[in-house]
Each structure stands twice: as C-alpha cells, then as structure tokens.
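Chain nomenclature is as follows: A, B, C and D, assigned in order of appearance, with residue numbering initiated at 1 for each chain independently.
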Amino acid sequence: MTKKPWISLSGIGLFAVLLLTVAPLVLSDHWLNNLGKYCCWAIAAVGIGLAWGRGGMLVMGQGVFFALGAYAMAMHLTLETAGDRVPGFMVLYDPLAPLPMFWEPFRSAGFTLAAIVLLPVVVAGILGYALFKRRVKGAYFAILTQALAVALATLISSTIRETGGDTGLSDFKYFFGFVLNDPANRLMVYLIVAALLIVCLLVVWQFYRSRFGELLIATRDAEERVRFLGYDPANVKLVAFVVSALMASIGGAMFVPIVGIITPAEIGAAASILMIAGVALGGRASLFGPALGAIAVGWGQSSLGSTWPDGWTYILGLLFIVVILFLPNGLSSLPARFMRRARPKPPEPPAPAIAAVELEEVRS
Amino acid sequence: MDALIAPLLNGSAQGALLLLAALGLSLTFGQMGVINMAHGEFLMIGAFAAYLVQQVITASNLSIPVALPVAFVVAGLFGLVLEVTIIRRMYRRPLDTLLVTVGVGLILQQAALQIFPSQGVPVEKPRWLDGQLTVLGYNWPLRQLFTILLATACVAALSAWLKYTSFGRRIRATVHNRDLAETSGISTRTIDRLTFFVGSGLAGVAGVAASLIGGTNSQMGAQYIIPAFLVVAAGGIGQLKGTIVAAWAVGVALAFFAYWTTGSLAQVLAFILVIVFLQVRPQGLFTVRTRSLA
Amino acid sequence: MTDASLVVTDLRVEFSGFVAVGGVSFDAHPGEVRFLIGPNGAGKTTCIDAITGLTKGTGSARLGEKELLGKQVHKIVRLGVGRTFQTASVFDELTVLQNLDIAAGLHRPSISLLRARRGVDPSIERALEETGLTGELATPAGILSHGQKQWLEIAMLLVQDAKVLLLDEPVAGMSQDERTATGELLQRIAAKRIVLVVEHDMDFMRRFATRVTVLHQGQVLSQGTVAEVQADPKVQEVYLGTAGAATTAAMAVVLEKGD
Amino acid sequence: MSNTSKRMRALTATGAIVTVALVLAGCGARAGDDAAAAGSSAAASCVDTSGDTVKLGFLNSLTGGMAISEKTVSNVLHMAADEINADGGILGKKIEYVQEDGATDWPTFAEKTEKLLTQDCVAAIFGGWTSSSRKAVKPVVEKLNGLFFYPVQYEGLESSPNIYYTGATTNQQIIPAMDFLAAKGVKTLFLAGSDYVFPRTANAIIKLYAAKLGIKIVGEEYVPLDKDDWTSQVAKIAAAKPDFIFNTINGSSNVGFIKAYYDAGLTPAKTPIISVSIAEEEAPAMGHEVTGNFASWNYFQSLETDTNPEFIKSWKAYPNSSGVTSDPMEAAYISMYLYKALVEAAGSFDVDAVNAAAKAKPITFDAPEGKVTLDGENHHISKPGHIGRINADNQFDIVWASDKFIEPDPYLEGYDWFPADIRKQLTDAAG
C-alpha cells in the first residue's frame, strides 16, 4: 500500500532515533524501564496489526504466544539464578524430585533463544493450519484463540510445581550472564527491546509493501475471491498468523527481564484483550498505529491508572467503544480524514466483508 | 454407582446453567452475527437485580420467583439500550462489535464494583430448595434440579415464542435470510431490538440462577462468557437443539473431568475438547444454511 | 494456445433435496463465444459454481484430459479455469495494478511474494491495453465504474492466463457502448481461449454468441447457434410464458433453504 | 533503484546505532562480578523528610478482580494515616500518602513499587494482598532498598530485609487450626482450596503436620480462583464423609463452595468447615448458609482487647467503611502503627536505621488483636491464635484461643515434623 516507501522508512528511522538515543538520554530509569515494557507490548501489537489489521484475523489469544516466549525466557533466567539447585518454589511440593524434564534444556542459552523463536512458529503453525484449512474465521477464530489463552492461563495456574503457578516466575538475578540489577545492564536490555521493536517494524514494513501484503489485504477483504485467483487463502493467513505469533513471543521473552516477573495474569483473557486495545487505538492496519497505540495504552495505564484508577478503567472501556465505533481505523486515520475533508474525495469504499458474504450465498 | 451418578447429575445441572447463559448469546449471534462480550455482565446485572428484589421482598421463598421476571426485564432493558445506542451502528462490522462490547463489559464491571459492596452481596436461596433428592444412592441437591427445570422452562418458552408468535416467526425468517425478510416487509430493525432484548433478558435469568450457585459480585460474569460462546459455536449457529446438546455435553464433560482430575484441569480439558470438536465439525453439531459470518 | 475443450457431462447439483441442476451437458471450445442463457433460477450460475468448485456437483466437467469436479477451488484455478461474478468482485482497497498483480502472482514462485513489486509485468500491460484500463493503473478498484470493474475482472483473468473464462453476466448494468466494447473484447479473447458467458441480455447474446445453450429449471432446453435457438418453440414458450413467474419461484427456493 | 539504496542506508544506520548502544551498555556487571552483584547498584535513596511531611506509598488493587478484597485494606490504610496525622504524625511529620492501583496485575505491582520508590520517593510502601503481588514487589524493594509492609496472612517460607509482614505466617494460623482440630479429636480431614500458591503450600504443610497428629487426609480438591461452581467437588467431599473440611479457598469462589456445601446437605453439626479466608467481610455474602462453621484468624471483631473497641468505632465512622472489621484490615491498620513505632525507635526514616532499630530491641505496641511484638530478625510479628465460630449475625464467637501469643516462625524451624532438607533448600534458594 505504501506508495512512497521512503516516508515510512524515514518514519521508522525517526522512531529508532527517538527510542534508541533520545529516550535513554531524556527519561529517568523508571520511565525508561516502563517504556521498555510498553515496547514489549508494542512488539506484540505490531504482530496483531499484521494479523488483524491487514489479515482480518482477530487474534484474541496472543497471550498464548506471549506466554511461550515469556516462560521460555523466564525458565532460563530462573535456572540461571538458581544455578545447580532446583528452583525454590518447586522444593516444597516434592523436595526430592529432580527438575521437571521440560525445564532441563532451558539451561542452555542457545536452546532458550531457539525455543523463543521456534515454539510460537510450531504452535501457531499447527493451530493456524488446522483452523484456516477448516475455514474457521471471524468471531469463531477470535473466541477460539481467546479460549486457548484462558485454558493456558488456567493450566499454568494449576501446575505450581512445574510452572510456579499463579505466582509465576520472578526474582531473576542474571540475564545471559549479565547482572540484572546493574543500571548499565538494564539500559542494555532496554536497548535490545527497542531495537527488536524497530526490527519488527522493518519486517512488517517490508511485508506491507511486498506482494504478500497486497495479497493479505485481498484475502482479508474477499477471501473467497482470492481462492478464484488460484491461491489458497489458508496459506496466506497462516503466514501472517505465524509471524504475529512470533512477534508476540519475542515481546513476551523481553517482557521478562524488563519487568522481572511473569504470571498467568499476563496471558489470560484480560491481558490478551488489552494487547488489542492499543492496536485498535493506533490504527489496526497502519504501520505505526499498533506500536504507538500499544505504547500509548501502556503509558495511560501507568500514568492515568495512578492518578485516577477507577477512571482509567472507564476510559479503557470507552476507548474500545468510541474508537471502534467512530474511528475503526484508529487515530492514524485522522490525518487522512482531515485531508479528505479539505479536498473532497470519492465516497468510502463499501465495507470489506460484503463481497465475501455475497459470494457465499448460494444462488441458482 | 456414585462415581457415575454424581458427575452425571451435577454435570447436567452445570450444563443447564451453561445453557441459560448460552441461550441469549445463541439468539443474538444467530440472528445478527453479533457477539456480545458484555453478555456475562448482563448475567451479573440479573444477579444484582435478584439481590435488589430481595431487599424489597425479604422472604426468599417469594423473592426468587419474583426476581426471575424482574431480572429478565432489567437485563433485557440494558441489552435494548446497548442495541439502540451502539450495536445497530455496527451490523456491517460484526467482528468489531465483539471488541466494542468488551469495552461495555469493562465499564459495567467497574460500575458494579463501585455501586455495590466490593465483596459482593448475598442472594438467599428459597427455603423450598433446601434438601436433596436421593437418586440411586446419591443425594442430589434440589437446587441442581431447579437449575435444570429453569433452563427447561426457558427453552420451552423461547421455542414456543419463536414458533407460535408472529414476532417469533419473523425472527426466524430474519435469521434465515435477512434481505429477503426485509423485502417481504418485515422491519428488521424492530426484530433486532426485540431479539437483543430477549437475548439479554435470558442472560438476566441465567444471572439469577448463577447467584444461587456462586457469589454475586462485579466479577461473576466474566467466567461465563467464553464457555457460553464455545457452547453456541459447538451447537451450531441459530440452532436451539444444538445449543442444548452442546451445553449438556460440556457440563457433563466438565463434571466427569472434575471427578477424575482437578477442577482446574477439568476447565482446561473441557475447553480443549470443544476446540478439537470444532476442528472436526467447524459448523457445529447441527447446521443450517444461513448467511452467517463464519 | 491450447486445443483443449471444456466438456461438461451430466452435471447435477442438489441443495438439501432441491435439484438446482439436473443433468446438464454442454461443451465449449477455443475460438467461439459460448453463451449459457435461461430465465432466473434456471441453474446457469450454479453450473459455473459447480465447474469452479464453489458448490459440490456430480457428473463430469473436463478440461482436456483433466477432471475438474471434486477438486479444491484454487486447484481448479491453477488448472486454468477462471471466472467472474455477477456482482463485480474486485479488491476495492487495492489499486487496479495491485488487483492485476495479485492475479498474475499465480505463476510466480511463492517466495517472490515477499518482495515488493517493481515495475509492471508485460502481461499486465497487455491486459490493461486489451481492456482499456491503462489510464486507471493507480486508481483504487473500489471507485471504478461498474463497467470498469467488470473489465478489470476480465483483465485479471487474462493476466492469470486462464484457458477457460467463465463470465457471469459481464454486461449487466453497462451502457450500450460499453456492451459493444465488452462484446468485441470477448470475441478477441475467444480467439485463443474458451469463453463461456452466462447472460440474461438477449440482445447482447444475439450480437456476439457463436453457440448458445438454453437452460430451464436445471435442464438443457435447447442448444445450437443463435438462429437455431431462437427458432426453437420451447425456448419461445419459456421466455414468453413463464418469465414473470420465475422470480417468485426463485424466492420460494431461498425460503425453503431454512429448515 | 534509489529505494533500495535508501533502505540499505537506513538499515545500516539502525544497525550501527544498535551496535554502538549495546557496546556502551554492555559494560555492565556480569555474573560472578561479586562487587556489583552484592547490590552496590542500589540507588541512593531520594526520600526527603526535611520538610514537615513524610511521603508514604499505598499500593492495592483498586480495579480488576482483586479489588473485591483489596479495597477495604486500602481504605483502612487511609484511616490509619488520618489517625496518625490527627495525633501529630510520625516524628512530628504529617503523612502524605501516594495511592497507587495495582490493577490486579502483578507486573503493575512491580512497576508501581519502582515508581513509588524512585519517582515519588516514598519512605515506605503499604499494601498488597495476593502472594503474587508480594512476590512481584519483593525483588523491587530489595533492589532499591525500600520498605514494604504486607498485611495479609500468607504461606510463609519467606523473609526479606525489606518486607515487614503484619499478617500471620503459617504457624500462626494454619498450625493453630490443626491444633484445634486435634484437640477436638478429628480423625479425618478433607482439604479444599483455590488453585494457587497459598492453598497449595498451606495444604502441603497441613499434610505434613496431619501425619504427625495422626489425622488422615481423605481428599484434596482445587478449583481455579475465578470459578464459583464447587458442586462436583462437594459431591466428592460428601462421599468421603470427613470429620472436618479444611478450607483454603479464597475470594468469591468461597461463596460457591459454601452454597454447594449447604445444598449437598452437609452441616456444621456433622461435617464442619474450618476456613482461613472467611472473615467478617466475606461472611455476609454467604448468608445463613455459612453459620456454625469455623475460621482461624488472629483477630476477630468480637475480640475483647483494650484497643479493639476504639478501632471498631473509628472504622464504623470512617466514610468508606464497610461497617465490620476483619483480620486483614486489622493487620493493614497495625502495619501503619508498626512503621510509626519503628521510625520512632530509630529516630529516622532511613531504611537501614529502621531495620537496625527492629533488631536492636523488641518493638511492642497495643494492637486491636492484643499486645504484639515484632521479631526483628524475620520481620514478622507475634500474634494470638484464635478460632471463631460464625454466628447468625455473621460475627464470630471465639471458641478457642492459643494459650499465649505465637512467635512468628516463617520457616517452621521450631517444628520437627517439617523436613529439614526442604527448609534448607528453601532458605538456600532465598539466600
């Protein structure tokens, strides 16, 4: 869609400069760490933008993939902190039992990094293949993914010895050999997150300007029509879904050293929906909208949530209602709206779903 | 014997509650393709309505029977307001209604937290529901039977209404083919409003039943919405009998899983069971040819 | 380009008991503009739906040696069968070029999807010229006129390099000039490809059809050249006698789908 | 094309920035670098008490699921601060509190703790409820050398130089409850709990102690915290026919449990329940169906002590009052007074000075539950054990009291039935 690639690209460049150089210079440690946390959500949000905004798949269970990355990372950091011992929380329930089998490989940094990338790809691959080939879509897809997130959160809560349960994993001392308490190292972790966010933006930028990006929009707007051009829409959607899962996993993985704790509360229904809030606010189909929206929602939670906690919940609720009702393409569609008002343009194209619906009617 | 009877009976009651929660959802989803994520909060409204009725009529023997229609109307009115103010603007974007109603749910939850005592309020069970029925050696709580009877009554009333009243017939016509119904002179606007009123009202009735089983507080609705939707999906859209069978199956599965494993694992297994089932039959148990969005 | 013909034999389609197409046979060859006509509810579109895999049908539909029935939609397309729709369905948010580029992507390796488009494919340029859309290259398809959308769909079939073009009412809603242009376009295309047109418009059919098959209530009523078909008394009866009742019948069908 | 070259340039630039930044940042301490690991990095405290006020942070969930329970704790903290201010403040300085919302989200607790300590520069933080929230706060207060006062009974097996625990640890609530059951001659026990860390840990301890007491555990059931329906599990309890049910369920799920219990025809006469999370606040939501059952707490509203009537009176008069007092509220209330006593003993708001004062001599003060004493080593306080029986007014009749105040023993060092190897592994892991 991007007609002038350099505009988006210099936008990403500007964003990179802001995140990587300006922010560390201007912000206090506390706010820089908060920004790091928002960046983790932003990374997941960029993926949601790809899957939902461009692909039309309302992913309401990104918590699942966020969890895969986060728990992989947290298990590694827990083992790094525990050294040769079995992590403390496991001891009480069975003092003599060894480390659960699936924890063992996470001692290895290499395995952990590979798991953060491969686990979501494999899980999303299988799940997406099964769902898209069976043409599960729309609200079904949304609720099924959310049900999975709830199921996973419940499962983790109930397996205390294996996963730390509801209390989650926390109190990490080291991050791949670096002492996490050291401010210099915290800055490094922040910079990694910020850099990863930029990389994700570059990835989706390339996706959006590629033929795949066009095909994805085509699939979103008229899945059946795409079929008649000789593509299997399931494959198109699968690619976008897997990439978005990967991004959620990366966001989750970096969330752990930044925030210092991961619990099932971060992956269940509420958390998964909150990830969408930012994307809707910023503009689901735009390049920067999801990331900026996620950062804005994170910031709102930190600042407004402090000064006016009850109010923040109402604002969040209203945000869903007002933005989606009146600004379905988010804040990033505002400039274009103003331009349109200044210079009259042809009417809005009809709602995307129509073509597909008409195709599915059986006519004689 | 107990190992079979208890889960079977309790599971049926659990299924009946799920059915009550899912009935309204099935109606609004089947009719309009709208997923109302605030449905759980409408359920909560029904439960609080029951509490308020008990403040007026203190004899619980009488208050619960009175609370049922009151909860239906109160929750229904909330649904009507939601339809008129928000949902009707969004019929062309069914998927987006899902997110909008998430926002509505958040607001209703927070409002309930601030209006009512945060710990929740008591809703007293009628005395005539004290006691148990002995079935093959198992002392089955009467309240469980009540849930089943209530669900049965709601299903019967709903299907009679759909079948024998002109409104009901128009609803069915709209479910089958909205455009055709419109061209045949049915005001789909009125039908939509009415459907939403009835669907939300049923959530209110479910809320009264839920208030007799668990706590009545701002968080109570959240636990029902996803299971209820899974039931609707597994049953097949716009299919009353599908919803009934699916709710019963999920309830009994939950009870048996809970019997064999733990309460947590039962939840996980039941969810996974439904998801796998939808893999095998994405259209649900029973299918009807409609212009649905899925 | 190819000598393969489309041969449909004893095609049947049923919708929960209702027979929409009951044993239809016809064939179409390169070099002719083949028409499928009939009143509403005759089963014309259903035939195309069945051939392209959108609805399930029994019998046989062969393109050359290859059986089409029973295959998945996108695989049938990849065998060279393309179609358009009654209501022009193009990707409204994408430009004409992007629409065509997606259609052309059929023959590219998947990995090339990840690269951005550079320049315009020669096949796309040819199709644009052929359909007279060259000037609309960068226009979002959603704001094209109705006729232009139909041409864009035909252009998409051309870049897709379809051997068989199944066109569902391509001139509905077009002006007289546009109809003529479309008809001439179809004749040009038909030189190398199989073109099968479903139409209501008798005048358009008379001007451009090489051969015609008339369907009525899911059966072949008559088959032959325009003159032969027009002379057929059965055809006259259907078109004069029952045209008005057909609409009502179609509605009854929709109603029945319910239970 | 120019696009490509521009893109390459941008990529290179980004890459360069990242590399430089990482190299700059990467000079931080690494594992094994002991000087850094020892915590020298703790930032110098920014707490400013030179004026006539002292800033304190209050951190509870005011929104989300846990707001159900935490709101009252938050309110009572405000009341305690107002009382202390009316009484002249701490060391003559008025308390100026900063209220934060944990939003039932544990990373938010961590974030807000850091904010309170580094942005608002509060001298101490009060609040929390769930173990998850405490575990989220703990690393942050330890890193920044702050103070956190945690007011809820919990699963023990923890201590931190930066946390003061004013609720019961297991040997002040769970073990007295077991002693009570043993004294009643209970032979069989069924464990019912919510599926999270407190019930799981409490039940692990109960099982160890039960073996010693000769009580047989005839079943163990868990249901997720956010699920209300206990019918299936209660059916199993009814089938097992235990002498007593030990209930570690938390939150609204308790209502569902009690209703299912009552519906199944179980009665306090035959199958009584002893709970550790049902207090005066929770009982009303269960109506008459909970009447006659037991609860183990340190504080009850019905306790007759010198300061309790005053506490109840103030709370009833307080604007956001729920009208009844309960154990977690009392623990939150006294956490503020404990801090006041500590600071006054230290003569300073400085964290290290406060901790030193705690160790120097026993801090003792009159709490509504009685005269409590702080253990300067493990930062818990001594508490009386009480068992109450719920009456028709949803108040508790006290039926059993420990013969003396129970010294806090979070690692159960004074109990020989607790395996030493577990304790060692736990303290090792914590150390």
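Everything that follows uses one rule, which is that a residue touches a chain if its C-beta (ideal position, glycine included) is under 8 Å from a C-beta of that chain, and two chains touch if they have at least 3 such contacts.
Computed from a predicted structure; not experimentally measured.
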Query raised in the report: From chain C, how many touching-chain steps at minimum until you land on chain D?
Result: 2
Report summary line: Those chains that touch chain D and also touch chain B are A
Report summary line: argmin over chains of |mean CA - global mean CA| returns A
Requested in this report: Go ahead and name the chain pair joined by the largest number of contacting C-beta pairs.
Outcome: A-D
Report task. Name the chain whose C-alpha centroid is farthest from the C-alpha centroid of chain B. Result -> C
**Report entry** Euclidean distance of C-alpha centroids - chain B vs chain C, Å
**Finding:** 46
Query raised in the report: Centre to centre, by mean C-alpha position, how many angstrom separate chain A and chain B?
Result: 31
Query - chain A-chain C separation of Cα centroids, rounded to whole Å - result: 42
Query raised in the report: Using the touch rule from the top of the page, what residues of chain B touch 2 or more other chains?
Result: 110, 222, 262, 264, 267, 289
Query raised in the report: On chain A, where are the residues touching two or more other chains?
Result: 5, 154, 157-158, 310, 313, 362
Report task. Mind pulling the residue numbers of chain D that touch at least two other chains? Result -> 63, 195, 222, 224
**Report entry** Complex interface listing, chain B residues touching chain D
**Finding:** 2, 6-7, 10-11, 13-14, 17, 110, 113, 117-122, 124-125, 129-132, 138-139, 141-144, 210, 212-220, 222-223, 254-255, 258-259, 262-264, 266-267
Requested in this report: Quick one: which bits of chain A touch chain C in the complex? Just the residue numbers, please.
Outcome: 5, 206-207, 209-212, 214-215, 217-218, 221-222, 224-232, 346-347, 349-350, 352, 355, 358-359, 362-364
Report summary line: Interface with chain B, chain D side, in the complex: residues 63, 65, 67-69, 71-72, 195, 221-224, 226-233, 235-236, 238-239, 252-256, 259-260, 262-265, 281-282, 284-289, 322
Report task. Please give the residue numbers of chain A that touch chain B in the complex, ascending. Result -> 56, 58, 130-131, 134-140, 142-144, 146-148, 150-151, 154-155, 157-158, 269, 273, 276, 280, 310, 313-314, 316-321, 324-325, 328, 351, 353-354, 357, 360-362
**Report entry** chain B to chain A touching residues, read off their complex
**Finding:** 29, 33, 35, 86, 89-90, 92-96, 98-100, 102-107, 109-110, 114, 222, 226, 229-230, 233, 262, 264-265, 267-268, 271-272, 274-275, 278-279, 282, 289, 291, 293-294
